[in-house]
Amino acid sequence: MFRHTKQLAYKVRVEKPDPTFARALQQAIGGVEGEGRVCLQYLMQGWNFRGPARYKDMLLNTGTEEIGHIEMLATAVALNLEGATEQEQVNGASNPLVGAVMDGGDPRHLLSAGMGAMLSDANGVPFNGSWCVGTGNLAADMHSNVTAEGGGRVLATRLWEMTDDPGMKDMLSFLIARDTMHQNQWMAVLEELKDMGMPAPQDFPQSEEVQDHSYEFFVHSDGEIPDDARWTSGPSVDSHGQFSVRQAEPMGGIPDLAPPEAAPEMHNTIVQAEGGFLRKAKDAITP
Amino acid sequence: MFRHTKQLAYKVRVEKPDPTFARALQQAIGGVEGEGRVCLQYLMQGWNFRGPARYKDMLLNTGTEEIGHIEMLATAVALNLEGATEQEQVNGASNPLVGAVMDGGDPRHLLSAGMGAMLSDANGVPFNGSWCVGTGNLAADMHSNVTAEGGGRVLATRLWEMTDDPGMKDMLSFLIARDTMHQNQWMAVLEELKDMGMPAPQDFPQSEEVQDHSYEFFVHSDGEIPDDARWTSGPSVDSHGQFSVRQAEPMGGIPDLAPPEAAPEMHNTIVQAEGGFLRKAKDAITP
Amino acid sequence: MFRHTKQLAYKVRVEKPDPTFARALQQAIGGVEGEGRVCLQYLMQGWNFRGPARYKDMLLNTGTEEIGHIEMLATAVALNLEGATEQEQVNGASNPLVGAVMDGGDPRHLLSAGMGAMLSDANGVPFNGSWCVGTGNLAADMHSNVTAEGGGRVLATRLWEMTDDPGMKDMLSFLIARDTMHQNQWMAVLEELKDMGMPAPQDFPQSEEVQDHSYEFFVHSDGEIPDDARWTSGPSVDSHGQFSVRQAEPMGGIPDLAPPEAAPEMHNTIVQAEGGFLRKAKDAITP
Amino acid sequence: MFRHTKQLAYKVRVEKPDPTFARALQQAIGGVEGEGRVCLQYLMQGWNFRGPARYKDMLLNTGTEEIGHIEMLATAVALNLEGATEQEQVNGASNPLVGAVMDGGDPRHLLSAGMGAMLSDANGVPFNGSWCVGTGNLAADMHSNVTAEGGGRVLATRLWEMTDDPGMKDMLSFLIARDTMHQNQWMAVLEELKDMGMPAPQDFPQSEEVQDHSYEFFVHSDGEIPDDARWTSGPSVDSHGQFSVRQAEPMGGIPDLAPPEAAPEMHNTIVQAEGGFLRKAKDAITP
Amino acid sequence: MFRHTKQLAYKVRVEKPDPTFARALQQAIGGVEGEGRVCLQYLMQGWNFRGPARYKDMLLNTGTEEIGHIEMLATAVALNLEGATEQEQVNGASNPLVGAVMDGGDPRHLLSAGMGAMLSDANGVPFNGSWCVGTGNLAADMHSNVTAEGGGRVLATRLWEMTDDPGMKDMLSFLIARDTMHQNQWMAVLEELKDMGMPAPQDFPQSEEVQDHSYEFFVHSDGEIPDDARWTSGPSVDSHGQFSVRQAEPMGGIPDLAPPEAAPEMHNTIVQAEGGFLRKAKDAITP
Amino acid sequence: MFRHTKQLAYKVRVEKPDPTFARALQQAIGGVEGEGRVCLQYLMQGWNFRGPARYKDMLLNTGTEEIGHIEMLATAVALNLEGATEQEQVNGASNPLVGAVMDGGDPRHLLSAGMGAMLSDANGVPFNGSWCVGTGNLAADMHSNVTAEGGGRVLATRLWEMTDDPGMKDMLSFLIARDTMHQNQWMAVLEELKDMGMPAPQDFPQSEEVQDHSYEFFVHSDGEIPDDARWTSGPSVDSHGQFSVRQAEPMGGIPDLAPPEAAPEMHNTIVQAEGGFLRKAKDAITP
């Protein structure tokens, strides 16, 4: 069960509203690397988690924290859409806000949300539940969470570079700090797992793999392959094997599917013309 | 900002796990009429709301309550996917759970989520942020919220009919009760608005409408139109007019778009054959 | 079965083509609150409807009317994309139309549709069938239809504010009037239902609800809750109970899922390191 | 503008309701090759069309016909979901319809639509507006329409094979006949265009192409290439060139993008460790 | 199995980077008519193909060629996002690239991809696998492929018109040439099929159609129908019948669905008020 | 540029075709953790990469390898859909394959693909380009790639558990081995980066973070927080700080948005009734 406190997790203030920046902020709300994704990813992982309570608790704590980040960003979007009264008019719009939004902003900020945030990304593409990955395997999920925070922190630093508004820079500096923590936190869980949880899942018997190819880098191109790279020689990261390099050659045959006649009810059967219809036609009409 | 309590908002127990029912429950998590939608719809509406604090608070209170409902349902899905060990094997699957899931359940409950819930509907279609409607207009949004709760309660009653598990029936009875409250609650806000907020938005000057047609039922079919229905005669619900009936006739002309030649760079221009290529061809080859 | 008349349902004319406004109009064609959604929502509800013919007829009549509204809006988009020959060049584009579209318009209006409308919203997000809700329960569906018209009318008024073109303002004034009618019309059906169809569905035995909580407002926040609001005291809107307020407390236990070891074939089992791999590593290399 | 007639375009009757077949029929309503797609594709193409009225009229006529096909199929779905009272119970469901739907049907037919059709495909994936292609170029659009009808007729024949219900077979035989007509009809338009509209668009000056490669089949594999196939030798279908075969060789250089340091505000810059962190760590802890 | 060569299939150079054009190019990568769609459509068709090897080989050859086209376009996007240092600042952005992108470009080119291409269209809508059609029926699939190339070539010509950059024009001239070949190539396969594969599928016994309507143009509108058009009279394109014209009249009855009472567990039953609740209420409060 | 070899990368054989398993395999083709995603993710990252060539080459090599994995899986799907002639009939289907597919398989395998694979997941949800993440920051992208391979290997092990077919088990054993390599390979790149690339991006000046909170675990729940967990005390994984624990308290104020009256053209203004419309109405009609 959850509770809400009216005060925000951190200060959100906007000195100079900017509808274009409001649009950019949407990526951090409803984008694939946004707070909505991490929030629901951690909560779902936490609710589904079947192992030691300390991991479940950790997931739910941080998932709960992230709801408050969406709240901050939604507030920031709403504030960036206010009071654009002095802005020069663009696109011939008689209303300055309308002009500002239609010129680099998200038109649905006005048309659909009435100066509010939406559950979509910087291009107005709706948030999609498929982004919230939870396999039930702790190692795989921790990597997924490090990824989500990595992408999120990259995004936050780019937003920070994009704005000169001190309030927005401060809010983003806080979110960047939290992304730092969360990246470290999920990585720390991996550190508690044998061999950092690699290869995930760890409980599959590696004897059942086609082990000849478990640590070979397959070369499929004419690019130069350095023979001393970390991934081409030396012990594997999971410490179970030795990296090596192999020129890719096909190990399977040519696929052989049953012909369409074997399943006539599919109506895939080809009816070929004798000589080709159009060719005959063209021959006929060509002098 | 938000906080989490480890105890659930209400009891969730499953006496006889049922992967098929787990699939059906997904509709209430990640479906268009599910708790994920109402939760994020209310929270977003609350964060964006610009009017009296009492409405904003109400939205955020109930949005926060709904996070806990997703938590309950995710737990119910996870419990329904456990311990299917005695179940008869179907589809030739050697593992009973696999057989049960592949025969009427959601295969991704095993393949992707490892016996956990996902942010998708009963067909595995991901949750979509476009469902979370918030216009910024209180009346329009309250209607949207009544709709969300109406659809949600209809769904919950159908899930209640579908199961014989006493734990699941109890959980659904609770959710149905909360849907009752929430439908009433959003409707009560409408009651506080003049004319129940109709027509939304109320602050558009109705003098700017083409008022001749504001209260006419247009007949576009040969179906019988009752002349004493609530919507064909008598005062309009918003009390601003009188209902009447009108046979639909076009009031506009035939559209007249500029020809493709006016914008040759679009490459829409048609190059017509003399007489028709194929016809000529066929004529030529037909004896 | 359907028939088409070449004349439009209402006048559509554009005095000063505006590709930016064409983009905004797309929201009313293919957006979640657009005519495409209401059209297909009403038609599908009508075709699926199982009760008295008068409601089925009404749904199909208005659904048919809405096809003509999409037609009007598609025509309006096409007209707004014509003849931008005098417009100043932007973005360095040598073609005025291209410049105008790339600067605030939808690039796919040129690239994909060749100066025509598309079945997508103002951000180019495609129309999505999940928006067309039809539960089969009349009350729930009428609320859904009021919602669709409420959102649609809010959108239409914002489009009306956004343009100075008299032709476009006239067309929108007509569509706003029809939205007024349709909101009233669906609400009028609700009026014919006992207690306005609340709570939907009405035919679920309320004795099966957990009735202690059917009319309680749950407080999940530290926001002030007015004790005299319409939704905190007095009779419920459905007249079946009395509103009251309750501080939210968890009524369920802590969830207890089976451990990963219970289903080893899921490969969720955690393999924990002794002491932590990275910590050991770091200790070793730190002087 | 449109009008509706209550009678269906063709007979729809179901002798033995079959929820599994109802699910399959959904593909013909809301699938990529379904009637919803062709209907809206033709109507949108018609509304956007800028050339001779005869083509615009044709598109709108057939688009209007297709609305009635959706109506027929929605009715067929609803009828297939009725009266499954004698069916054996599956999945332990106490209600026969529920059992039948959960065992091969679409659960949302009950949960969401209350025994009605939805705007989605046979897997419950919602109809998507991106499928409705209209480029504004007549030839390209006619090919798109032939494609839509070809895929639709293939689907209809497979549905016809799947059912033994005489009513359903009859309805599908009608739809198959109409698909025959519509394929022929769009192809007939192509016949009216010079060289069958190929290559679309025809009004692009072919002198601006890199003409050396306009009629060469590029070989990218070790598969055998027949030298007498219609596409490897002889005149091209558009009659503007001669087919030939060419072994693919790269004609471009190796891409050369600016390094991350050129745009430090993107935060793509790599910070490389001396020797590799983990390798050092492992070396240190490995005896 | 596949191999990669580091050199590009054709030259890709950009003289004057243009973030707005980078956005437009995205349509050719991840749009419905883009190279990503044709590439995966041909490969999937090839892998699934069950008939003569020559067609399977052809599909895989051209599918492989198309991967290289995505590579070229992705490179072109990356190059168009570089070095906008001299550009005038727009939208108040202190960084010229940021300003240029936010003013007509795709903000995610910076925010999400760090100056790289994405798998989405010109509006940032992600590539969607539903676009890759492969029915297994050769004729239907060839029409689909002609369509894909037709739409693709129309798009490429519009991109060619949109840019003045000689490098981009050259690259597009190459892609246009390849689209010419591919349109011809798929059409050539159709030529090898009896009656050009029409109606697809050809192996369905036409005696099972409702043949009275297989070659009739149904008139659903008051538009003028030319009686000498290729599609209203004369032999059908598939040469199996004669075109004719028919005024559309319903041939089916009025649909008759079972009432909601027949399935009470669906909770669709209507509970009607005596006289109407609101009307009574209003009557009571109206003086 | 790319080339194709007709032989498969590894053996694909199916001893006992199983349409239900064909459906499950789709998750590995078109699902969020499937080969289609990793393939296009690596290729896009490679094409966009701006740093040392060795990383770009590595990405393109492995991306090219993955195209061959999709090829193997598509072949496996096609083979699993063949020859179900001896299977018992289910769902009353007269055709064994139809019965088998409708009972646990994907109906579109027959209806849409004619016994072939599709670009969608195990529930028929289409592949979505948003899954292919490439930020341009090497560390963030390597984490994303480890995630993709981790999820993919978890999926492959579950598919391996699900089947008894020796051919399918062998194919999956090969894919599992390659996932082992690829997880190790991407992780090995991280090892070459200082502090394993953490926090990504590494080139953002951490002095600009709100550093007080960069290494604090925020407690938002009443769950027990272990004070000696790897993530609550000791050095951070990135070695830049020390972990600690902090009870979450709001650090921001209560949001204060401008009232709707400030932007009347949005039509968000509330028109409140005196006393409440419905309450008055009900008072009037209640005796």
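We just call them A, B, C, D, E and F in the order they show up, numbering each chain from 1.
Basically, a contact is a pair of C-beta atoms (placed from the backbone, for glycine too) under 8 Å apart; a residue touches a chain by one contact, two chains touch by 3 or more.
In this text, all values refer to a predicted model and were calculated from it rather than measured experimentally.
Undergrad: According to the touch definition, list the chains common to the neighbour sets of chain A and chain D.
TA: B, C, E, F
Undergrad: Comparing the two chain pairs, does A-F have more C-beta contacts than C-D, or is it the other way round?
TA: A-F
Undergrad: Return the distance between the CA-based centres of chain B and chain F, expressed in whole Å.
TA: For chain B versus chain F, the centre distance works out to 25 Å.
Undergrad: Note the residues in chain C that touch 2 or more other chains, in rising order.
TA: Correct list: 1-9, 32-33, 47-48, 50, 57, 60-61, 64-65, 75, 78, 95, 98, 103-104, 110, 112, 114-115, 120, 123-126, 128, 130, 135-137, 139, 151, 154-155, 157-158, 161, 191-192, 196, 201, 204, 220-221, 223, 230, 237, 248, 250, 255, 257-258, 262, 265-268, 276, 278-279, 282.
Undergrad: Considering only which chains touch which, label the overall pattern as line, ring, star, complete or other.
TA: complete
Undergrad: Can you list the residues on chain C that touch chain E in the complex?
TA: Residue positions touching the partner: 1-6, 47-52, 90-95, 98, 102-104, 106-108, 110-112, 114, 120, 123-126, 135-139, 190-197, 201-204.
Undergrad: Can you tell me which positions in chain B touch chain C when the two form their complex?
TA: The contact residues of chain B facing chain C are 5-12, 32-33, 53-54, 56-58, 60-62, 64-65, 72, 75, 78-79, 82-83, 95, 97-98, 110, 114-115, 125, 128, 130-131, 133, 135-137, 139-140, 143-144, 146-147, 149-151, 153-155, 157, 160, 170, 173-174, 176-181, 183-185, 187-189, 191-192, 196, 198-201, 204, 206, 208-221, 223-226, 229-231, 236-238, 241, 243, 248, 250-255, 257-258, 262-263, 265-268.
Undergrad: Can you list the residues on chain B that touch chain D in the complex?
TA: Residues 18, 20, 23-24, 27, 31-33, 103-104, 121-125, 151, 154-155, 158-159, 161-162, 164, 220-223, 248, 250, 252, 255, 257-260, 262, 264, 266-273, 276-279 of chain B touch chain D in their complex.
Undergrad: Using the touch definition up top, name the residues of chain E that touch chain B in the complex.
TA: Touching chain B: residues 154, 157-158, 161, 230, 234-235, 237, 239, 265-267, 276, 278-279, 282 of chain E.
Undergrad: For a test of understanding, state which residues of chain E touch chain F in their complex under the given definition.
TA: Those residues of chain E that touch chain F are 1-9, 30, 36, 40, 43-44, 47-48, 50, 57, 60-61, 63-65, 67-68, 70-71, 74-75, 78, 112-120, 126-130, 132, 134-137, 278, 280-282, 284-285.
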